[in-house]
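Each chain carries a letter (A, B, C, D and E) given by its place in the written order, and its residues are counted from 1.
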Amino acid sequence: MTTMTPPAPTRAPARVPLLRRLGTVLLAHPIVRTLGPFVPFLLIWWAVAATGSVNAAFFAGPGEVWQSFTELVRKGMMPSYLGDSLERLAYGVGFGLLIGLPLGFVVALSSWARRLTWPLLLFFQAIADIAWLPILIVWFGFSLTSVTFVIVYTVVFPLMLGIVAGVDQVPRELVNAARSLGAGRLRVFFEVIVPGSLPAVASGVRTGLGYGWRALIAAEIIVGTSGIGFMMFDARRAGEVSQVFLGMIVLGVLWYALDALILAPFERATVERWGLVRQMEAAR
Amino acid sequence: GCGGGATVEDPGAEGSAASLRAGYLSAIDQVGLPLALENGYFEDRGLNVDIADPFPTGVDALNALQAGEVDLVQVGTPLVPAAQKGDELVLVGNYTGSASQASIDDTMAVVATPDAGITADDLNSLRGKRVGVSVGSINHLYLLGLLEKAGLKTSDVTIVNTAPPDLGVALETDGIDAAIVWDPWPITITDQVDGAEEVMRGGGHIPFVGYQVTTREFLDEHPDEVAAYLAARAEVDKWIRENPDEAGEAATRWLPGTESAVAQEAMQHNVKQLDPRFSACNYLALDTVADLMAQGDAAEPDFDPAPYFDPAPILKVMEENPDLFEGLPEVPAPAQVEEGYTYDQAAADKACP
Amino acid sequence: MNTLEINNLRKEYVDHYTGETIPAIGEVTFSIGEGEFVSVLGPSGCGKTTVLNIVAGFIDHTAGDVLVHGKSVHGPGPDRGVVFQSHALFPWKTVLGNVTFGLRMKGVPRVERERAAADILELVGLSGFERKYPHELSGGMQQRLGLARVLVNEPEVMLMDEPFASIDAQTRRKLQQDLTEIFEKRRPTVFFVTHDIDEAVFLSDRVVVLSARPSTVAEIIDVDLPRPRTWRETVEDPRFREYTHHIEERLGGGEPDAQAG
Amino acid sequence: MTTIDSPARTVGRVRRPGPRRGSEAVWFVVPFVLLVAIWWLVVEVTGTTARTFPQVTDVIAALAEMAASGDLARHLGASLQRMLIGAVLAVVTAIPFGIALGSSPRLSAFFSPLLRFSVALAGIAWIPIATLWLGYGDRAVIFIVWNAMFFALTYNTVLGVQQIPVQTVRAARSMGTRGPRIVWEVLLPGALPSIVTGLRIGLGYGWRGLVAAEIIATNAGLGYALFLAQSQFDTGVIIASMVIIGVLWLLMDRLLLAPLERRTVERWGMKAVS
Amino acid sequence: MNTLEINNLRKEYVDHYTGETIPAIGEVTFSIGEGEFVSVLGPSGCGKTTVLNIVAGFIDHTAGDVLVHGKSVHGPGPDRGVVFQSHALFPWKTVLGNVTFGLRMKGVPRVERERAAADILELVGLSGFERKYPHELSGGMQQRLGLARVLVNEPEVMLMDEPFASIDAQTRRKLQQDLTEIFEKRRPTVFFVTHDIDEAVFLSDRVVVLSARPSTVAEIIDVDLPRPRTWRETVEDPRFREYTHHIEERLGGGEPDAQAG
């Protein structure tokens, strides 16, 4: 969330020494800010691998991982696996949002729907998507449908719970204000409920997508025939530990990009701009 | 990934009469299927075989068979509970096992570090150990066989459910004292884990089973295709038996990440079990395995194997192409089967050495 | 028929957790005729906002009747514009978005909306802030925005809860004057809650004085001052001071709320 | 939810402690009764085989058998223990971490890229490394549970902290609240509505992670039971295990989260109550 | 040395999204001596709350110095008690919990805390509401609670942002009187923001009048009225009216804020 970017400095720069100012400017550079935190981790990783303190059969260093990356790209496997994973994710997330968003608002807003579905919602969200797989496979086979189902299942619940919580937190007063300004139910919904619950909805989308991504990997491991999750599973079977590590990095990077390029700017432009969430003032 | 034919999303050209969809697992003893395709043996018989991407486990393969995604799969122990749950399975041949003897388990080994003190000479040394096996799979049964031989009870060891790829880590991190697993894992693990070695291999404690499994419906509708398929499989088995090193090398193309040295070493053990023929010994093997599974709570007791066997197609192949089975040990006469054979456990027991 | 009738209104708040009930409105009866401006005065916590919320249709009452245009109140509606004590601005809308909200709901075209908004923002002194969000405004500016948001709609009935409480004396004077002018021109029906006695007398046709909680009507004063009113002239009218003194005494009698239910 | 409903009608339904509990319980059960009825009917009418989906009675029989054989108690005990440890670890790490990120721009600038990066890494993907570092056993499983909960809980805590009105924090600071006390007195209660949601979502994922992880390195637990049932094509036990997991989670929600919510955020007027 | 010194204070708000800056405080200089009561008056939106927030240490300033007890302000602290324009109560604490919060932070024992709280709640007329939560209070009651929460701490410096804005005239009179008594007894240093001229003159030793935004000090008026003060006596002092008229005229000159930066 936006919330995670530091607020632009409001203090007069004139009072800060030049060197520190330079440091601040450097640190504020998006690339430094984004990649900086990974540097220590890369170093530790590299050091652990270099000392050979961990059995190399189960642990790959940055060099080997890079090698496997270039090799897989050269062979064309990486692009094709990536494409498969992304396609599945797109289907899963697409349907997940399509189902979860409207359903979430219906449950949040209609006391009947809430009564009838809330306990079921809680019940089913605990049942692991992957617990469904054995049965899904019998129904849908080793198909895109099974994988999509698992992702949808994972995306929908946090989304719905997030929406319900968000709607509950919309001040009643604002609904009243809109009603007395002539907004009908539908308008109240779009003009008040949606934006008012947006911080929680955005958080639900973020959590849902993040875990949907996880579900994809889990599903590919279990019903996999291609994709990044399958690549990791297959590499593990084959003892190619560097590909397992590579898989994790690819997953992380992709999700990071999705989050940083789409979700975060969206949140910055809405809930933060509106002052609904804000970065806390630094404790001084 | 590397499976040749159609993907699961594309069930292939089902319209053509001489076509068949087959599934296998990424295992050294199952590569006969892709190698037959590679060597053109299916094509030679006018059969168009689509190979599905490899399934992770036999359970998944049976689920795919049940869901109608494939027509024929290569499966071992999981077929017992599946059959008990009502799947209409038919066994038409072996991908691994033996038609000439009751027990064969050359592809199975126990791996441990010397600290564990487990030796082949004294099976009692298993007592109190934590043993990694995949519960319900053939390595689990091998452990049960060992325990029986040693006169130990199941409760005398701690069984740790471990997938084969995890056995190495489990040994390395002292999560288990010994790993029991099939090839090529014993070879891989001894390479990976310092000090780990094969402390035991084979020994004829159990019959290793692995069948060509199809559905009743498919067999009834496509008997010729099944026969052609079995003939091609028999041909590739023969080729592997005669060219184990070349086959080991070829296998690495289908088992990504497997080094050729490892594959070739594993293939040496594997060829001893490449016997596609059916005899009473194969009925007996499944019977024995089912009993062991029941003992290990991996299946219901009192499994009758006979209804699931249909020897007709393979018998036809054996009759028409005796050359494909050259070099295999003679099937003892009392163990030989023909169409209409009725299985009798006592008789089979006597017939198979 | 009166535009607004409040008959024997009673309200008890129930604490769901302790089961306790707090009588907020003891028994209140008064009415507001069409085009009448009525102010309600009373000690802090006596139930003024509660009455207003009931009339607005935001909360339910325990007993009695509340009729608007002869019909029982069921929920809020655009016939009654409300200025909230706590502003209740939409944080996700700019100043302009807040002001034009009601007009959008009515389907007024954009150009017209923005023209009307510009006029009203000028009136409340918020011109130039159109693109700001509420959290960027000062307290008084937020309050003026809440006022503008309702005025621009020209509702038949206006319910205003201390709309000038956080505004400085000068601006307040000006806005009171503006409100009077608007009122005298359009003649809406106004229910106006305040704690400023001068303001109540200056603006109103009648002033309802409530007692401390649980509130009852202590007195209803007819303000017989000529309209159109201007501050300059009205304060010079001797009756203005008479009214304010009278109300001051009336209110002085009641101590502020100091005992819970 | 009554936000759109006219409050005039909703407020009339006064919540009094006694009878309300009773009707609440009824409303809690009704959806399940309906669900089970539909399930029974669909399986019956379509003639679905147990291999595809078991009938209600199959599942009840499976449950009864699991209970009778002692398997149920064994699996439940093992799973609950792992879940408890994993959940407690997640709560004591994610909430403080979320509060730290929510309240410190510096920390969040540093950690948010790492956090974003790791969200996508499924518990299962961690198994090779988790087992290597933590040993092949319970600790790896607990790690997976922790990992499954951690991110949902962290994100929601951050959100909760960031939604606390700035003036509220200022008020506390100006009365001398410092360091850990500001966390305890302001940030934690202020973020609580969102934290409860995070717990709801996170615990759900925790169960998920547990089930996924129990197929490694274990010989007891609901995930293991599922694994066995799956390898034996025992759909009755599969569904029974799922039912147990769902019921356990419902109990957890009813007995822990709902009362917590009622006593705090609802009582404090920080959430609309229907 | 003055307790509070504000020298050439300037403040511009920066809009992170548009990059625009809004000058809120043009240039403000004044100081408050130890034990002095200073009120700040000015049109709505001129920057009163902004100055108070800077002194409280909540926000940074763009230029100038703010010294409290001779030291630059860095963040909020319990030496400066703040009454917020928006109340800023803790929704998760009862009335009692809110009032005793500061004392708890200081480590005052429970019994003593509750005794002090009882006294102060009596003073602001909230006795009997100890167990209620803020959302169950009326607007005026919330404001009184915010006041009580600071008074009970007896801070050396009190920063009060329109603490009586939403309180009815009677209660307000009483509270102004009470505050005067407290002030005369304990002599804290008070920075008091208001828009009520009578209130400013009655309470203060000096009144700072700010111009419209971006604000500058228009005038500083020394209020030379004898202490102890009571409303009854003070309003009869002719200088009282002189002061209020003077300020009224001073303020009347400035139009309310009507132009954005």
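Operating definition for what follows: contacts are C-beta pairs under 8 Å (C-beta built on N, C-alpha and C of every residue); 3 or more make two chains touch, one makes a residue touch a chain.
Since this is a predicted model, take the numbers as computed values, not measurements.
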Path length in steps (a step moves to a chain that is touched) from subunit B to subunit E: 2
Chains most often in contact, by C-beta pairs: A-D
Chain centre separation (subunit C, subunit D; CA means) in Å: 46
Chain centre separation in whole Å, for subunit C relative to subunit B (CA means): 85
Chain centre separation (subunit A, subunit D; CA means) in Å: 18
Euclidean distance of C-alpha centroids - subunit A vs subunit E, Å: 46
Residue numbers of subunit B (touch at least two other chains): 66, 169, 172
For subunit C, residues that touch 2 or more chains besides their own: 57-58, 75-76, 86, 136
Residues of subunit A whose C-beta touches two or more other chains: 7, 55, 58, 134, 138-139, 172, 176, 221, 236, 273, 276, 281, 283
Residue ranges of subunit B touching subunit D (in the complex, touch as defined): 57, 59, 62, 66, 78, 81-82, 84-87, 135-136, 158-163, 166, 169-170, 172-176, 298-299
Sites on subunit D touched by subunit B in the complex: 49-51, 127-128, 131-132, 134-137, 215-219, 224, 227-228, 230-234
Subunit A partner contacts - residues on subunit D that touch it in the complex: 1-5, 7, 10, 27-28, 30-32, 34-35, 51-53, 101-106, 108-114, 116-126, 128-129, 132, 151-152, 155-156, 158-159, 161-164, 166, 169-170, 173, 178, 182, 193-194, 196-197, 200-201, 203-205, 207-212, 226, 229-230, 235, 238-239, 241-242, 245-250, 253, 270-272, 274
Subunit A - residues contacting subunit B, complex: 55, 57-58, 77, 134, 137-144, 221-226, 230-231, 233-240, 243
Touching residues (chain side subunit A, partner subunit C) in the complex: 171-174, 176-184, 187, 191-192, 195-196, 198, 270-271, 273-276
